[in-house]
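The following pair of complexes shares a single chain, chain A, combined with chain B in the former and chain C in the latter.
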Partner chain A sequence: MSDNLKDKIAWMKSAKGITILGSIFLALFATINSGPYVLVNTIITGGMLALVSTGLTLMLGVLNIAMFAHGEFFMIGSLSAYYVFTPISNYTAMHPDSFLVTWGPMVAIFTSMVVGAIAGIIAEFLVFRPLRKRAAENWVMNSFLLTVGLSVLLVNLHQLIFGADFKGIVRYWGGMPFSFADVFISRDRVISFCLSAFIVFLFWAFMTYTRTGRAIRAVSQDATGAQIVGINIETIVLMTISLSCALAGVAGGSLLFMYPSYPTMGLEPLYMAWFVVILSGLGNILGAVAGAFMVALLKVVTVEYVGAGWDFVVPSILIMLILIFKPSGIFGSEVRGVLDT
Partner chain B sequence: METTNTVQSSPAWGTLLGKIGFNPAGILCVFLLMALPFIPPFNQEYLLRWLIYAAFIATLSVGFDFTSGYINIVNFGYAAVAGYGGYTSALLAVNLNISPWIGIFIGGANAAVLGLIIGMISLRLRGIFAACLSWFFGLALMGLATKLVWLTRGPLGLRTPRMFETESNIPFYYLIIVLLILTYVICKMVVNSKMGLAFKAIGQNMDAARTSGINPVFYRVFNFTLSCALAGILGGFYGHYYGILTPEVMHTTKTVEVLAVAYIGGRGSLWGGAVVAFPFIFLMEIIRSTLSHLPGLNLVIYALMLILVMIYYPGGFSHFFDVHIRQSKNKILRILTGNA
Partner chain C sequence: MLLEIKELDAGYGYLQILRKVSLNVDKGEYVCIVGPNGAGKSTTMKTIAGLISPMAGSITFNGEEITGLPAYQITQKGIAFVSEEMNLFVNMSVQENLLMGAYIIRDKNVQKERLEFVFDLFPRLAERKTQLAGTMSGGERKMLAIGRGMMSDPTLMLVDEPSFGLAPQLTASVFESLEVLRKTGVTIMLVEQNVTTTLSITDRGYVLENGKVGLEGKSSDLLNDAYVKKVFLGV
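Now for the complex of A and B:
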């Protein structure tokens, strides 16, 4: 019993424990001080961020690609959801008791996921596979610069083909907002949060319990070793890219009602996701989820107490401080060693 | 990868030039740049503006390559550092009436301090993590420039005095060319010294470098400080040339522009980016102005070029130059490139 207690105290003293407890206290303080909507906003932003950053962390862990174009897959997701949902909403406006009133948004969100996955696969075939075949040394930096190019390319293709204006919708599901502890939360937010929680859970279960998930984790730990035991690396790589891009796409699709689609919309989710990945260390899905909520809390609290627009400055300074004192992240894992090139 | 002439094999008149990193072809390029404002299509004001912009990007890419090509850390907040130097100089000129000519050097010194800080705090990080850190630094700086409206007037833009009280672009053009040459010579002299060897060793394998007695702390910090100081001076030039500074200067897309030029030019060469920037920026501007009904097309081409170069020709232009021109069978080409 006392050993148990000692373990707990040791955990609390570790960086992990200090940050988690600190975040919980901060959340409680902000909630009591300004009202429960802080908590609600945190949870909803965190859900979105968890989707984007688990994809990013997966890509970094398995493929060693420091993805700079992840926000653009978010953008692709929201764009495809927009183009699927607009005709659906026109149809439901005329047929208000069609089944699409309930299921139409689901169709749009599901499409965004599929399109995200397809875009990821196309990117793998056109860009990453040729690079993997040719580049022997300095892979991390080269692939990073490649994704920078990919990001610029996708942003400007969007502008060229679909124009630079905001492509947004008013809402997915209409109806009364839910009321929860004196705050009214719109139905869209609740459902999209549930959806992202469900997807993250599915993803976690997939990575933990299925054979393919285990293979992916094996590749992330040691690619050569995985190959020796008979895992087909190319398949795993393809699957990882499509999975992580699908996660970014579904995040974009389910948040279309909050973030209208426009060319450079991907930058914010991108750097937020990078904050999360750096904060939580690599290769650790649950760590990324926890980190996502922490970054979301930081952002919401900054907007609440310092002002809108400062949510760039304060989190980035804090994360720089964390990087200085704990370069491998709070939940740092062994996987990081791969990047030391 | 070294392309400038080496001291051993070049003729006597070349040794001095070789020390500062020029070969006959390089000198020709410099003369061409000097004469360019008087050659017909380029003597129009709007083309001169493009030239100045191209030279600005070229100079930044030299400073950028000094970090990324040698110690192998991409300074992703480079444009933000330049903008920081620009804002320093502009604020001094606006609030304290300090002449831009002194201001840009104070801006450079200030940016050097910033580079010192970035270099220090990124010491424990490697590769991509250091790049991320400098990126976050840049984001924070840009956020500050946007939000400190009482100081920088935020997105409205800060009006700055120009360096020359004239409508003509020619003095600005010669100034930026001088800055380009100075930046190149400074970087080249550092790189050609013992320090350059240490930079390369650190960039290739830090542990091996440390084992052979190189102290990475000093070299990394020094590298960041110098390249950021150069960026700061250039940012000052940018502010005092356009007469207005907005936080857009510090945006990540500006860094990406410099990065693309530096990498298409060839990493670790310093001169590659400077040479490539001129045709490259011109191509972009021509596409942008003639096909203005297709916004973004120029950047699509730009990104495609970056991707293709990264996949199929990671050595960039300088590698092409080394293999096909400097060591070609044609003797004239070899003499021209100082490889006789």
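Now for the complex of A and C:
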């Protein structure tokens, strides 16, 4: 019993414990002080962030790619959802009894996921595989530069082909907003939160319990070891990239009602996802989910008490502090893998 | 002949390390490659395991040409490689590591049987099955690496420097576990720097020097060879 207690105290004193407890206190304080909408906003924003950042974590943890084109896959997702949903909503405007009123948005969101995955596969074949074939030296730097190039390319392709205007929709699902604890939240927000929670859960289950998920984790921990036990790395890399881009795409698709699609829309989710990944440590899915909610809380609380323009500044300061004092991230693993050296 | 290597050239990038290495291993044999640092022992092993693709020469396993195949296909053919660095999955538990070793076996029941088999062989691993591999001691990690290699039910096991970085008594226990493995009918190819011990436990040996096979023969003969005595044992 006393050992148990000691363990708990040690946990509270660790960076992990302090941050989690601190976040809970901050959330409670803000909720009591300003009202429950702070908590509701945090949960909804956090759910969205979790989708983007798990994809980024996966790229970084498994492939050692510092992905800076992740926001562009978010953009691709939102763009494809827009082009699928617009005809659907035109159709449902004429036929209000159609089953597409309920399922149309789902079709659009699902399309954004599939298009994201395909875009990821294309990126792997055109960009990352040729680089891997060419040289393994300086992989982190070279792949990083390539992703920045990819990002610029995709932004300009969007502008060239689809134009620089905002391509947005008014809403996915109509109807009365839900109300939780005296806060009204639009139906779209609630559903997109449920959807992202469901996808993150599926993703976690996939990584934990399936053969392929285990293989992905094995590659992230020791690529040579994975080859030795009979894992085909090329297949795993392809799967990981498409999975990661599908997560970014579905995030873009399900948030289309909030963020209309335009060429540089990917920057904000990219920065936010990087905040989460740096905060939570690399290659840690559950850590990324927890980190997503912390960054969301920080954003919401900053908007509430400091001002709406500051919601990028305060998390940035926190990231700087973390990089100085705990570069492995709050949930960073105590066990060092091969990739960490 | 289980494994036959003919005039193998291999290396890293432009750096050639192996020059026309030829060696063979019969079924059930316990063969070792000894030699000084940088002679190309580990390179030979990595080339057989498919981690390095050879520049020239051929490798035949069970009568089948496996030269230049990627590592995962070579594992599927029945060659397990226990590398010097062990390449364990440090953030996975002992049991998860072992199950990853059986990645190429899809049948869950067979996987369980293999797991039981390895746990019988190394009861120490069974005691620690929930521990993370990254938190284990050097000797236990070696044991785990060998156990993971066994999980795929290999015909040939390549073991690279099992004594590297271990205390003498641990080295002895690692060699003992290889002896146990051998009794189960696995063919073992061992690379070691520890010449005396290695030659006293193996059947046959190759001496590798500067990327070439210098001597070959029965281990007991090599142990008494005047050249080996002079160069490696300093007597």
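Observations on the model:
Criterion: the second predicted complex is superposed on the first by the 333 of 341 C-alpha atoms of A that agree within 3 Å, B and C clash if a C-alpha of one lies under 4 Å from a C-alpha of the other, contacts with A are read in each partner's own complex, and residues count from 1 in each chain.
Keep in mind that, in the parts below, contacts are C-beta pairs under 8 Å (C-beta built on N, C-alpha and C of every residue); 3 or more make two chains touch, one makes a residue touch a chain.
All of these numbers come straight from a predicted model, not from anything done at the bench.
Overlaying the two complexes via chain A leaves chain B and chain C side by side, clear of any clash.
In the superposition on chain A, A:L323 makes contact with chain B only, not with chain C. By the touch criterion stated above, A:L150 is placed in contact with chain B alone, chain C being left untouched. Shared-chain residue A:V170: touches no atom of chain B or chain C. Once the two complexes are laid over each other on the shared chain, residue contacts for A:L5 go to neither chain B nor chain C. Of the two partner chains placed around the shared chain by superposition, chain C is the only one that A:D222 touches, whereas chain B remains out of contact. Of the two partners chain B and chain C, more chain A residues are in touch with B.
In the superposition on chain A, A:A93 makes contact with neither chain B nor chain C. Figure legend note: chain B and chain C, brought together by superposition on chain A, show a least Cα distance of 17 Å. The interface of chain A with chain B does not overlap its interface with chain C at any residue. Chain A meets chain B in the complex at residues 66, 127, 130-131, 134-135, 138, 140-142, 144-146, 148-153, 155-157, 159-160, 164, 263, 267, 271, 274-275, 278, 307, 309-310, 312-313, 316-317, 319-320, 323-324, 327, 339-341.
Partner chain A is touched in their complex by these residues of chain C: 49-51, 70-72, 75-76, 80-81, 83, 85-92, 96, 99-101, 103-104, 106, 132, 134-135, 148-149, 151-152.
Of all residues in chain A, only 211, 214-215, 217-218, 221-222, 224-233, 333, 335-338 touch chain C in the complex they form.
Residues 72, 74, 121, 124-129, 131-133, 135-137, 139-140, 142-144, 146-147, 252-253, 256, 259-260, 263, 294-297, 299-300, 302-304, 306-307, 310-312, 314 of chain B are the ones touching chain A in the complex.
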